[in-house]
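Listed next: structures, encoded as structure tokens.
Each of the next two complexes has chain A plus one more chain, namely chain B in the first and chain C in the second.
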Partner chain A sequence: MNYWKLYNRYGLIIVILILGTFLAIINPRFLLPYTLINILAQASYAAIGGAGMTLAIAGGGFDLSVGSILTLSACVVATLVPTHGILLAILAALLVGILLGVGNGIIISKLDVTPFIATLATLNIIRGLVYIYTAGRAPILIRDARLNAITAGRIGPVPVPVIIMIVVFIVFYLVLEHTRYGRHLCGIGSNEEAAKVTGINVDRAKIIVFAITGLTAAMVGVMRAGQLMMADSDTGFGYELTAITVALVGGTSLSGGSGNMVGTFLAAIFVTMINYGLNLIGAGVFVRQLTLGALLIVAVFAKSYGGKILAVSK
Partner chain B sequence: MKPFKKDKISDLIKKGEIRVLLALFILIIIIGVNNPRFFSVFNLQNVLRTAAPNAIAAFGMTYVTLSGSFADLSVGSMMALLMVISAFLLNATNPVIAIIGTIAAGALFGAFNGSLTVKGKLPSIVVTLGMLYVFRAIAYIVTDNSPIYITNESFIWLGNGIVLGIPVPVIIMAIMFVLFSMLMRFTSFGRRVKATGDNDKAAFFSGIKVDKIKIIAFVIVGISMAVAGILRTARMYSASPRVGVGHEFLVIAMVILGGTRLNGGKGTIIGSLLGALFFATLDNGLNLLGIRAYWQYIVMGLILIIAIANLKVDIKSLLPEKI
Partner chain C sequence: MRQGGILYVDYQIGVMQKMKSNNDEYLLETESISKNFGAVEALKKVDFKVEAGEVHALIGENGAGKSTLIKILGGVHQPDKGKIKLENEYVNFKNPVSSQEAGISIIFQHFKLMPDLTVAENIFVGREDLKSNGLIDWKSLNGKSKDILTRLDKNIEPETPVKQLTVAEKQFVEIARALSFDAKIVIMDEPTACLNEEESEILFETIRELEKDNYTIIYVSHRLEEIFKIADKATVLRDGELIGTREVAETSEKELVRMMVGSDIENLVKKESEVEEKEIILDIKNMKINSQVNNFDLTLYRGEIVGLAGIKGSGRNKVAKALAGILPFSGEVFLEGEKIDINNPWSALDYGIGHLPQERNDEGIFPQMSVKNNLTIKALKKLERKLTKFIDQNKENVIFDKLANTMNIKFHNKNDTIMSLSGGNQQKILLSRALAPQCKVLILEEPTQGIDVGAKAEIHKLMKSLADEDEIAILMVSSEIPELVRMTDRCIVMQRGEITGILEGEQLNNENIVACATGTERIKSANSEVI
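This part shows the complex of A and B:
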């Protein structure tokens, strides 16, 4: 049996089980259904953006602007709820995410700017928009408790974020693995020139994938605003790291051409468990950031190193 | 003196640099017409003093981009941590040890980023994105999220002093510019960096130690961030772990605007200097014209996109056909 093959296929599940055992030993309450469901609910914030990022990476790009899009959508929903009602506010926020994503896609495809630079630039442009939109105001508080019920409440025993997450993953999994669009996207990710020659509309596919990534960021923005009942210019700070980490830890390769939705889902749970553990031992938010950054590097390193051993043993 | 003879002035300033020079010229005219105070000695000193640490950072980043490693996303956080280190060393010892120690730490951070990227065969964007958060978190943790103040007069002079009407940071920038340009143009190392960025396989087969070159490029950016960090600490009389959030964007924008090719192989230090001067002038101009600070994010983002946009629409097809 080859251990690296085993690691590549079931590694995350094994790591999650080990970490889970460890957490259960430190804190027996970890195994209560309440805690486990809560961890799933917490994981949904990282998972949904990670799912969008996985698609973008499969298509050979990636998106650094998701944190800013998240923030702007959260601020839009927070300001519009009192004046336009919950439904319109949510739709507007999601539309903002889609439009910003389309903007990213147009810059990347039509203006031929590398995704890295394009989204680094839009990260800052959208951050500027956030400041202008909120006019540097203090946190925007939301007083309508129904938003909280819709985005962060529970249906029976199941939290709404978990339901949203599961729907997103089923849809995204099917899109990536079982639709023509998914095949086209992977084709573009592995070899753009070849994809062009075979008649795929590369520009359109790219614009769509960045619109999807923008939409997922906006969804998380709305959910965050609903969960915290407020939004400010810091709401989405560092979210690009979370989304990219979750996608890459899940086994999706930055070189594009394929995506691992199941891995992204598991990675989101894994990251949330780590945060839960760090919380247990009383580590602050900065230690969590440090761990996340280190985890990203360790994960890509393990993947590259594991691949090398696999190649040698063949 | 042979190399000096070979290079004409027209070689020195290539197309990308001319573009940013023109842009800078137009910008200065627009600002000057709207607010003549721009040309006051005090204001010009201010513009150059603001530009200095950013330009020094851009010089270092130019090497990373030229060597084909895209960019170092961790520079902003790295600078914050280096500032903390410089202030800590200064308060514990003396300015000389603080400067040497900070530069050594910068080189070490760069070597770490570079080795991880090159030896681990990992994408530099992912490694440096991870380190962006690691450096920042360490800076927060060691300072307990509060600034460290400094009082040493001679250290503060580095950031605030003026010699013969020229701010000290600008003099240091000029020295760094000469050093980095010479390294790029007149040494075999400079040529190897470009060869590596242009085509690393070809460079490898022609006997260049590609890995070493790429790691050294990261060390160089680490050293530049240390110098930039020292100047900033001195200027602000303190080191705060919050400094430099989003700084990587500014530095990369300067380098790209200065005509350095994102895929490596082509670019100059003078281009990055002009890019830095352009953004410092823009920053100052927006302030003078009373435009709110956060518009700068939008303007800078748009300029970056315009600078490297490559319209797929064939312009010729839009023109009327030749008769």
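This part shows the complex of A and C:
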């Protein structure tokens, strides 16, 4: 019984340590600081979207359109850098993410469409926008190397994505656990009717949370474009599933009402380590996808099974 | 050796004789049943005895062990120690099905009906008659359902989807399902918790019918007046122990309350003297809600408790919800002389209008959130640090501890989820939640619904002190007329969206409230011309 309690609290850390030991055995270079930092940098892409998704899930929703938003923002930044300069291009891309998120939020709160249907629809709409926007031009190559330095370079030994990720997680953790907005979000995710009666501005909170997921997707879009020095209509393909998977493996429950920011962070690292390991043994991209799916089932099953055992032993 | 042998035989005979005498008397018997949940002793050596054909009430405060006992009878839990004897034989209910097969059927407080299926499907779910081709035989299914419903004297069509039924009708479907199992013993867990008075009467009628047909009924309830209406016997549990069983005809409400609580609850003294100088705090003029409430005027004075009575659908809850910003309305509202616009729940909150919602589960608690976070959620604005906007955890703990203490809320750890609390304590959390932001006016919808006698008395005491000491004006909607009479300074009675009575002083009594709520009577007490 106590193993489950232990798993509930420290499960991901334990699993990461076990996997790390395993990786170190099959490839001693895994333990080099360079490799470890690289893994963190790789993890940041999944982690940042996962952080936004964790907030959305805590609020009783989730966002399927983040992959499309990521792609569109990447394309926006790629096309605007030559004409408007790096700063304006980045701001424009982030603004696109926020506005699309606000659109999601308005559809969900004011038109009362469930998040699944609303964001499934906008996933397609925004993907359509990507094709229209990039018609005939994709892949859009970026020639200004400064964008790469800003979004994927290093400050001292630390990669920029890692810094961005850490800032995002600290801010989001504080928002979720220590602000009125975070509490309200959990209230909405826990019991929306009660949240309304209690005096929470439910519509506004929902619009904000989807603006946040849109913003995180756009941030990852800009980072991806800077990393690859290009953007095309496939840049964010499947990203929504990565973000949701990371949040759920991290221990956030899809039933809403609470979010586990630390878990999401650890899950992003764990998933990246698995990909690293699969790469190491020469597994292809299909196997990686398969593993990601299987991992989700195992993690969620372990959580609910462990939860049941704990409930009984109580 | 021989002597020992003889003794042994004697002993056996003695036991057997004793057993035999019990057999004749009781249909269902528990022998010294104990059940622990972790460190909590939910039941301690309970000997609960039920005779065939009686209506046996099982009463006690929240946490007294009623639910555990009926769940053991229903096979949901298994006893740690002790045995169950049904019709003479020891039985062992490993799961709910084995108990059901033995003839025990439980109707839980929260129905387990499937809203989109029809009445007949719900009654026979999982046991549908099939035609030879494997499809459901609807004719037989509906026919059998109709038979049972007719037996209950209920005019419910078997083809109706359950979601179209009223709460009371759903209850009858649950009863019909219980009977469809050929149950001998029907256990009802707080069956009137969600029913209004009229519907409750119909249920009592049905229970009497069932009793005539020789069904045995175990009736779990908080409401003592019901027990005197329908039960033959009442067994009281307190803290997991069986305190005693009484013939209802030979006991009194006082005695039962004493058994439940362990001591006399002092009757709260009605506030004798009015506040000397009445200071108006809330003034409602010509409130109109959706054409369902018309011309509603009300003046609330500082420190008074005003009741809002009426049958369901009279508009009393609509007025409460309008003031809490949940329902839109037209008309004017003045708070301390200034006109205010209550457009939504958060503006009501900002004006200092506290609100306790009617439905504890649907509109109140946040099940995934902690005890503490459930209590403080309305007060967060005041707890924010100026610069960072983070919640000041120290201040939050102070507010929580203070309210949890005055409300006498019982909890293990304030970071556990609110679901770990009993219903009465959950209700106290919700009341504390309304008070936490420091309100001037408190709107309470059914403040003591579904909670036990002890918690109820505490909440009443608290309301009095809020009104007297903190000078909060309280508007209380309640379906329980004695509560209104005892607690309020003034009672507004509504019927079909209009005020039909303003009762004060001598005129504030049960009869007048009922008369104004249901009849053609119109009473306005003389000393309330101010309205």
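The working rule: the second predicted complex is superposed on the first by the 312 of 314 C-alpha atoms of A that agree within 3 Å, B and C clash if a C-alpha of one lies under 4 Å from a C-alpha of the other, contacts with A are read in each partner's own complex, and residues count from 1 in each chain.
FYI, a residue touches a chain if its C-beta (ideal position, glycine included) is under 8 Å from a C-beta of that chain, and two chains touch if they have at least 3 such contacts.
Predicted, not measured: the structure shown is a model, and the values here were computed from it.
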Fill in the blank from the handout: So, after the overlay on chain A, do chain B and chain C clash or fit? They clash
Practice task
Quick one: classify A:85 as touching chain B (first), chain C (second), both or neither.
Solution key: neither
Problem - Partner chain(s) touched by A:128 [first = chain B, second = chain C, both, neither] - result: first
Exercise for the section: Would you sort A:113 into first (chain B), second (chain C), both or neither based on which partner it touches? Expected result: first
Practice task
Please work out whether A:238 is in contact with chain B alone, chain C alone, both, or neither, and reply first, second, both or neither.
Solution key: first
Exercise for the section: Return first, second, both or neither, reflecting whether A:304 touches chain B, chain C, both chains, or no partner chain. Expected result: first
Exercise for the section: For A:294, select first, second, both or neither according to whether it touches chain B, chain C, the two together, or no partner. Expected result: first
Completion exercise
Across chain A, the partner (chain B or chain C) reaching more residues is B
Practice task
Return first, second, both or neither, reflecting whether A:174 touches chain B, chain C, both chains, or no partner chain.
Solution key: second
Fill in the blank from the handout: Of the stretches 96-104, 114-122, 222-230 or 402-410 listed for chain C, the one clashing with chain B is residues 114-122
Handout entry: Complex interface listing, chain C residues touching chain A
Key = 37-38, 324-326, 344-346, 348-349, 355, 357, 362-369, 373, 377-378, 380-381, 384, 389-391, 393, 433
Handout entry: Interfacial residue positions of chain A with respect to chain B in the complex
Key = 107, 110-114, 116-118, 120-125, 127-129, 131-132, 136, 238, 240-241, 244-245, 248, 254, 284, 286-287, 289-290, 292-297, 300-301, 304-305
Handout entry: Parts of chain A lying in touch with chain C, wherever the complex brings them together
Key = 174, 178-180, 183-184, 186-187, 189-191, 193-201, 253, 255-258, 314
Problem - Partner chain A, residues of chain B touching it in the complex - result: 70-71, 116, 120-123, 125-127, 129-134, 136-138, 140-141, 145, 246, 248-249, 252-253, 256, 262, 292, 294-298, 300-302, 304-305, 308-313
